[in-house]
Structures are given as C-alpha cells and as structure tokens.
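As structure tokens, the structure follows; a few thoughts come after it.
Think of it as A, B and C in the order they're written, each chain with its own count starting at 1.
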Amino acid sequence: MTSIKIIGSTALALLTGLSPALAQMTAVGDGEGQLNIVAWAGYIERGETDKAFDWVTKFEAASGCKVNVKTANTSDEMVALMNEGGFDLVTASGDASLRLIAGKRVQPVNTDLIPSWSKVDPRLQNASWHTVDGVHYGTPYLWGPNVLMYNTEVFKEPPTSWNVVFEKMDLPDGKSNEGRVQAYDGPIHIADAAQYLMFHKPELKITSPYELNEEQYAAALDLLRGQRALVGRYWHDAFIQMDDFKNEGVVASGSWPFQVGLLKSEGLPIGSVIPQEGATGWADTTMLHVDAANPNCAYKWMEHTLSSNLQSDLSVWFGGNPVVPAACTDGSGMQTAEGCTANGLDDFEKIRFWTTPVANCSQGEGACVPYYRWVSDYIGVIGGR
Amino acid sequence: MTAILPAKSVADRLTTLFWRKPKLLLILLITPPLLWLGVVYLGSLAALLMQSFYSIDEFSGMVIPEFTLKTYAELLRPQNYDVIFRTLLMSAAVTLGCAILGFPIAYYAARFARGRWKAVFYLGIMLPLWSSYLVKVYAWKLILAKEGIITWAAEATHTSGILNAILSLPGIGGGSLSTSYIGMFLVFVYVWLPYMILPMQASLERVPTSMLEASADLGATRAQTFRTVILPLALPGVIAGSIFTFSLTMGDYIIPQIVGNSANFIGMAVYQLQGTAGNIPLAAAFAVIPILIMLVYLWIAKRMGAFDAL
Amino acid sequence: MSIAVEFRAVSRHFGPASAPVRAVDAVDLTIAEGAFFAMLGPSGSGKTTCLRLISGFESPTAGEICIFGENVSNTPPHLRNVNTVFQDYALFPHMNVRDNVAYGLMVKGMPRSQRYAKAEEMLALVHLDAYGSRKPAQLSGGQRQRVALARALVNEPRVLLLDEPLGALDLKLREAMQDELKSLQQRLGITFVFVTHDQHEALSMADSLAVFNEGKIAQIGTPAEIYNHPKSRFVADFVGSSNVLPPALTKQLGGPEKWASLRPESLRLDATGPLRGTVTAIRYLGAGHRITLTTHGTDIAAILPAGHPLPETGSTIALGFDATALHIMDQA
C-alpha cells in the first residue's frame, strides 16, 4: 500500500508541478563520523576491486566520515531504500530523481556550501532532473551516452547510423544482421526508436524522444516491430550482453561505455560510436535524504565528489563522463581528454537524457503517451505483437 | 505411602493440566503458525486480489482505489493475452518434459536403488538444488550459446544439420538454442526436475511390491501393470510434482530473462509492471492468473482421480 | 492322480556367488493335484521363497520347477496358470472390489459385462455379494481376505498359492476362515499351496505338508505322520512343541541311545513314573495346565488336563507315559 501512495503522490506532484519548499543547510559543521550512501554498483570504489581505483580512503581520512555503501540494482530499489530511510545520500538516475523530489524523500542542497559547485559543467548545473523551480536537489555525479557498440571485425569502419540495429540489411561482412544485433530490453528503448525517427522522419515532428503523441508513438512502435525480427534476444543485464557479444555472435547493439570498456580490456574487437542520429543517455545525481542523520558528512562528500580524483577515476572506471569537465585534463586522476572524447564528452548536445515520459508534456495536457503504456506496449512488441 | 506424588512446582501443575486437557496444548501450539498462515499468507493474498480490482488512470498513471474489472479486461489485450498463453504453454511443456524424464529416474530410485546407490541418487538429485539458481541458469546460457558447447559438439560430430533443423522449427526455434524457446524449455526442465522426481519417487516408494506382483500374478504384462497399477498409484506424486513444476515455471521471471528471445512471461510481466511501470493493479491481475490456473488444474486433477489413492 | 507342482533339485541363492545365502537349497518336492498342501517353517526357512518360485516372482538359481509337467523355470508370472493370495492381500486401493476381482479378466481382455458377471459370481462364492462397489479401504481384514481370494480364484487357476493367508486375522476369524478355506478347496477341487509358520494351522488344514528348515525340507508327509513321527529334533520341536530328549535321557527311560520326542499331552502325573524332576513353572492354558519340569538338565513340558490336582512350583514330582508315546528319531 505504501508504494502505491508514493507512486500516487509522485504522479500527483508531477501533474500539478508542485515542489516542496524545504529548509536548506546554512553551514557545514564537523563530520558526524559516518556516511550512508545508496549507489549503483561500481560507483563508489575504495580500491577493493582494483587497487588503482580508490576515491573513498582519502576522503575518510580527511573528513573522519566512514563511508558505508548499499548498492542498488534498479532505480525502483533506490527509491524503495530511500523510502525506508536510514541513508544520507543516493546516486539517483533521471527516472528516480524526480520521483524522490516529488515524494519529499530528498532535501534541497545549498550549493553555496559546496565550493566546487562552480566547477560543474554549466550544462548540468540546472538540469531538469535535479532542479525544480530553481531549487537544486543534489549535485551531478556522472553522465554517459547509450552508445552503439559494434564488432570491429565486422565493421572495419564505425557504423554511422543506428539503422544497423533498426533496419534489416546486410552488414559489411556480407551477412544479414538478422539475429546478430541486440536492443535494450526496457520500455525506454522506445525513446531510441523515436530519436531515430526524429532524424529520418522529420514529418513526424518529434521534438523529444520522451514526449510522444499517439501518432509519433505508433510510428516508433512500428519501427520496433521491424527490429523484433532482427533481434534474437534483448539485453538488460550488462554482463549478459557482454556474454552475448562473446558467445552468441552478436555484433552490434545499443550499449553503455561500461560494457565497451570491459570488452576492450579483455582484448575483444569491440568499438563504440555515437551515430549521426545522436543517442539517449543517463545522468546521475547525488541527492541528500530529507532526514539525513549525517548532513555534514554528506556535504563534505558532495564537495569531495566534485573536487577530488573521483570524477576523473570514476569516469575511467565506469565509462562515463565527469560532471566537472576539468577532470578530463587536470590530471587529478587517470582520465584523459581522449578518454572523455571516447566516452562521448563532446556529444553532450547529441544526447537526450533519460526522463520519465508523462502524459502532460510540452505538447499539452495529456497529449503524450505516459510511461506505463510504454511498458505494456513494449511487452507486446517483444512478444511479437 | 501415598499413591500420588505431590505436585512439586508450577511446571508439574502445567504438565498435569496439559495431560488432562490435551486440546489446550494443541491450541497453544498451533495458534502461532495458524496466525502466520492466516494473516501473513492469506492476508497478503487478499491484498493482492484487492489490488487487481483497482485500475490505473490512463492519463496520470495514478492508481485509482475503486472497484473495477477494467484491469482484468486489460489482460485480454493481445500482448497480455500472449504472455499468459505463452507462459501456460511453456509451463505445460516443462511439466510434461519433467514427468517423462523424471519418471524412469524416480522409478529406478524407488524400486531398484538400494543402500549406497540410493544415497548417490539423492545426492545426484539434490546437488543441483544446492548450487545457486542463477549460476545454473548462466551456465546453461553458456552451454546453449551459438558459440557454446552444444554447437561445438554438433560440429565435431557433423550433426550441425540436425541442430540447425531443430533451430529452424517455426515458433520454437531461433538463432541459437540460447535464444530459442527450445533452449528455455531445456533450462526449465533442468532446473525444476528435482521437484518432479522427489514427490514421484516418494509416491512410487509407497506402492508395495506385492501390488506389482499381484498384478503380474493376475496375468498383467509389464505395460498393463504400469498403466493400471503403477501410474494410478503414483499419480498423487506426479500431480504433486507437476504442481511444483507447473507453478514454478509459471512464476519464474529469471530464466526467461536470460535464456530465450526476451518475449515476456507472467513472472517477468509482473516484475516489470510493479517495478518500473508502477502499474500495480495490472501486475496484481497478472499475478492472480497463475493462482486461478492452479485452482483449475487441481480441480481437473481431482476429477481425474489423482487423489483417490491418497 | 497327476502331479501339480514338482521341484527337481531347486535352489535359490541370494547374494554373491562366493558366499551365497541359500534361501532354498536343492529342494525336491512334489505336490499332488487337488492337494491342500502346507509349507511350514520358521521365518527364513525358505518356505516363502518356495512359494514365490512357484508363482514366478523368483527364478531358481539351479534346478527345475514343473507345473503340471511343464517346465516353468523361465516363465514369467503372468504366463503361469497359478494365482496367489498375498499375505497383505495386495488389493489395488484405487479400484473398487468389483474391479479388483475382475482385474485378471480385464488384463486378458474380457469384455466388461462378462467379467463383471464373473466377478459378482466369485464375490457371491466368498459371501461378499453386496460389496462390489466398495473400496478396499472400506472393508474389514476378513473381508479383504475374501476379496483377495475371489480375485485369485476368478482366473480359475490350477494351483492357488496362499502366503500366510490368515496371519493378519484375529483368532476367531482365523478359525472361521480355516474352515471356509478348507471347504472352498474341497468344493473347487483345485490344488492349494499355502505357507504358514503356525503349526496348528498347517496341521489342521493341510492334507500333506512340508516342514522347512534352513532352505531344506526337514520332513514331508501327512499331518499325522509329521506330528506323531517327527524325523528330527527340529521337526519334533517345531511341530506340536514336543519335548526333545537327548540320547542319554532316552536311554534312561528305557529306549535306545538316540534322540527321541515325547509329546507334552502324553505325560501324566505318576508317582512311580520314570521322569522325576523339579517343577519350575506352571502355566494356565484354559483347557488344562502346562507344567515345566527340570530333570537332568533338560526341561520337559507336560500338559495336565483340568481337574487334576496341581503340584506346586519347586516341588519334586514324577511323570509317567505310555511306552508307545516315546518316539525314537532317525536323525539327530
């Protein structure tokens, strides 16, 4: 029942555009001694997986705040954990962040208390997934594109268009792409199709792949139905996708830089590209729990995420882009300008970040197809309808 | 000398009380589990049922807590109906596969395995249950992969033609075993087989040898004995096992995600609908389907006389 | 009269060939047609294995089994014209009584109406006419036994095998069933072979019997022969709980220096009797008393009819007997 109430209130808040006005911190005091964070796997490393990647130990020594991490696998799990309470921070993605704000699970962040805020990419400082009515509900953490991953033995030249995964065709090795391409097994993949149409069918007048009216939506679904015939299995788990590239003969698919990096590091002939149509992407935000028990440590951590080697090393480790652009070149960590370029830093404009499709969109009240229909219709598409 | 020892303590008095009123002890002992069953088990089931009679607002995506059958009507949409039908078909196929594969094993174990071999049998059956379910499924994904062991073995034995012929079967075939319904069927059968074998073995073990001898003595061939005596007497075990395999397959949401062509199954649909989509009513309606199917299944089994030998 | 069942040096060994368990060891046996034949012996003596060798549930390790002259050593049970009444009756719990009885006819392909008619006929024979529609679980032990009997007899076997047929019944029912089985056998005229460990049952029902011991037949003959003239200590001891006298005692009592048997009921109180000893136990039997006397280290039992004055435990008494009652045994 609780979950329904929360989803209900989220929807209501989104509907009416209400945002809770909450008191902000005015000063950062001494650390409370510990800090509890909900994060994606691989987001907060203390050198235990790989000695070279550690952005926690030094923070703990300097601030006296012991960092405890609870990893979550889905946005829903993150929301659920934040609803339970007992955590200070969460690295929320674009879908979870607005839900957390509307559900009053997070509090506004006083950016004046975070000296390095000024270093944040200006394009992210006021991003809509964490800023409501000019109030910031967190600090950007990492962002990345959904790239087109491909096998370099099949594609001597990087593919220039997403058509290799959307249209039936012969690939450069002369064999059909049937059964050799993959697509994301989540309804959000409809946005990828919409973005493809945005480029190839301007007459549909799609302005945002997350805001589709019935006609645009129907066109996207049609495209995906065609794709169904090409895809043997859809992917939703990064490691299963990597396995499919290794053992299942898959040669092209939408993917994350994370998989690209790992497969390359294993010496496999893998490349990635952001094709001409652009790409969708994800952008995560460190958000502060409304009842955070350790706000001082939390503020210290947020400053740390922007000022230390974290941005640089994290972007190498996870395969994303630092929200502090300087981290690409300042030598604070392992990241380099080339690395950032490879992770799509220069393609920011081409990337349309993930947000939850809602009925009331820029096309008007109730003009757009809401997310729950994306879910049921995408189930149908994958089921062969 | 007195005939009765004096009651020494509260404990003595209590045991006396329980001895005189055995029902009191029974009530005390079964109340907690009954409460658990009633509140936690049936309560959550009732909550689920209730949710399925709510609906989701088409525009806002909000759940409307008012009684309606709209959500159930949604199940009849082609894509949802597909999911149910697909799940049902797979569950039936897996159950049948497990029964056919499991019966000889169970029969052997119940009738012929003795002493150490019996232990080996139990270990063999139970061992896969002890390892992680996910590990098993991932392992199978590798075995069935296009560039996996089976393809390799087929090439090495020059039987690739057979494999390709199987994979080109319409509907159940696919690019490789790992992305086809056949592969999913194999994994399901592997994973749930112990749940079929153990109850079957238990029921076969309860069929006295004299019953089989009596049948042979009265002139029945082995086939006749199997059909008219063993099968009916083992039926409760087969039904029990099939209830496991059927409902486990119907509720599973991991295997269809890892093996197969990503087409939805009821479990996956519930997982997605209640999670990312926030469509709890439809998820609940989907979740009610297996319960209804199982009730119908049990009813048919009863009509068939599955429980007559109990 | 022809021979119904014949064993020619039949052995059935279990376990490894190096150290076999000789359940049945080189047994020769003939059972005449129309006989009511009992196989008597303690548990593990091989009598049940012999029965199973006839029905076909066991095959001989060596030797030949013939049924009406036909060698059936390698014939499976369902092709032998013998039927068995099992110790636990082995009624099919999922079938009603009628279907149970008609089972043998059903597997032979007899049409339903015909086989049901025969089943009802057979149920009438065992006085269960009204029970056709019941399930075995709804019947008493005695009724189940009759169903098992009807189920076997409906196939018109030439030999009916009964494995401890009365073992599971209470005393009263057992006596009634003994009479019924006997009269049934006489009416039908088919050969009955039954296994029992109860010597009274064997003696009262059978017209000939074999006493088994350790896989061999200890003695074969009519009940009277076996009861009155046991060949060995074992038979004397097992059949009729006779007193077995060691050679020294036999000699003392005026016989040759051989093992002898002396039935308890042939002893009587006699102050001049040759058997003197101390009374160690007295047991009330209803129709009389059984007293145990210890003499020269041997326990001797005597049954005294009711009405006699009883000696006291611990007292010394003397017992006498007719010289003919002392049976000298050929074998040790």
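Keep this in mind: a contact is a pair of C-beta atoms (placed from the backbone, for glycine too) under 8 Å apart; a residue touches a chain by one contact, two chains touch by 3 or more.
This structure is a prediction, so every number in the text was calculated from the model and none was measured.
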Chain contact graph, described as a line, ring, star, complete graph or other shape: line
Pair joined by the larger number of C-beta contacts - A-B, B-C: A-B
Intercentroid distance (Cα basis), chain C paired with chain A, Å: 87
Computed distance of Cα centres, chain B from chain A, in Å: 37
Rounded Å distance between chain B and chain C, as computed from the means of their C-alpha atoms: 51
Sites on chain B at which at least two other chains make contact: none
List of chain A residues in touch with chain B within their complex: 1, 3-4, 7-8, 11-12, 15, 74-76, 95, 178-180, 185-187, 231-234, 236-237, 240, 243-244, 246-249, 358-360, 366, 370-372, 374-377, 379-385
Chain C partner contacts - residues on chain B that touch it in the complex: 208, 210-211, 213-221, 224, 228-229, 232-233, 305, 308-309
Contacting residues of chain C [partner chain B, same complex]: 55-57, 76-79, 82-84, 86-88, 90-94, 103-104, 106-108, 151-152, 155
Sites on chain B touched by chain A in the complex: 47, 51, 56, 58-63, 65, 74, 77-80, 82-83, 86, 141-142, 145-148, 174-176, 178-179, 257-258, 260-264, 269, 272-273, 275-280, 282
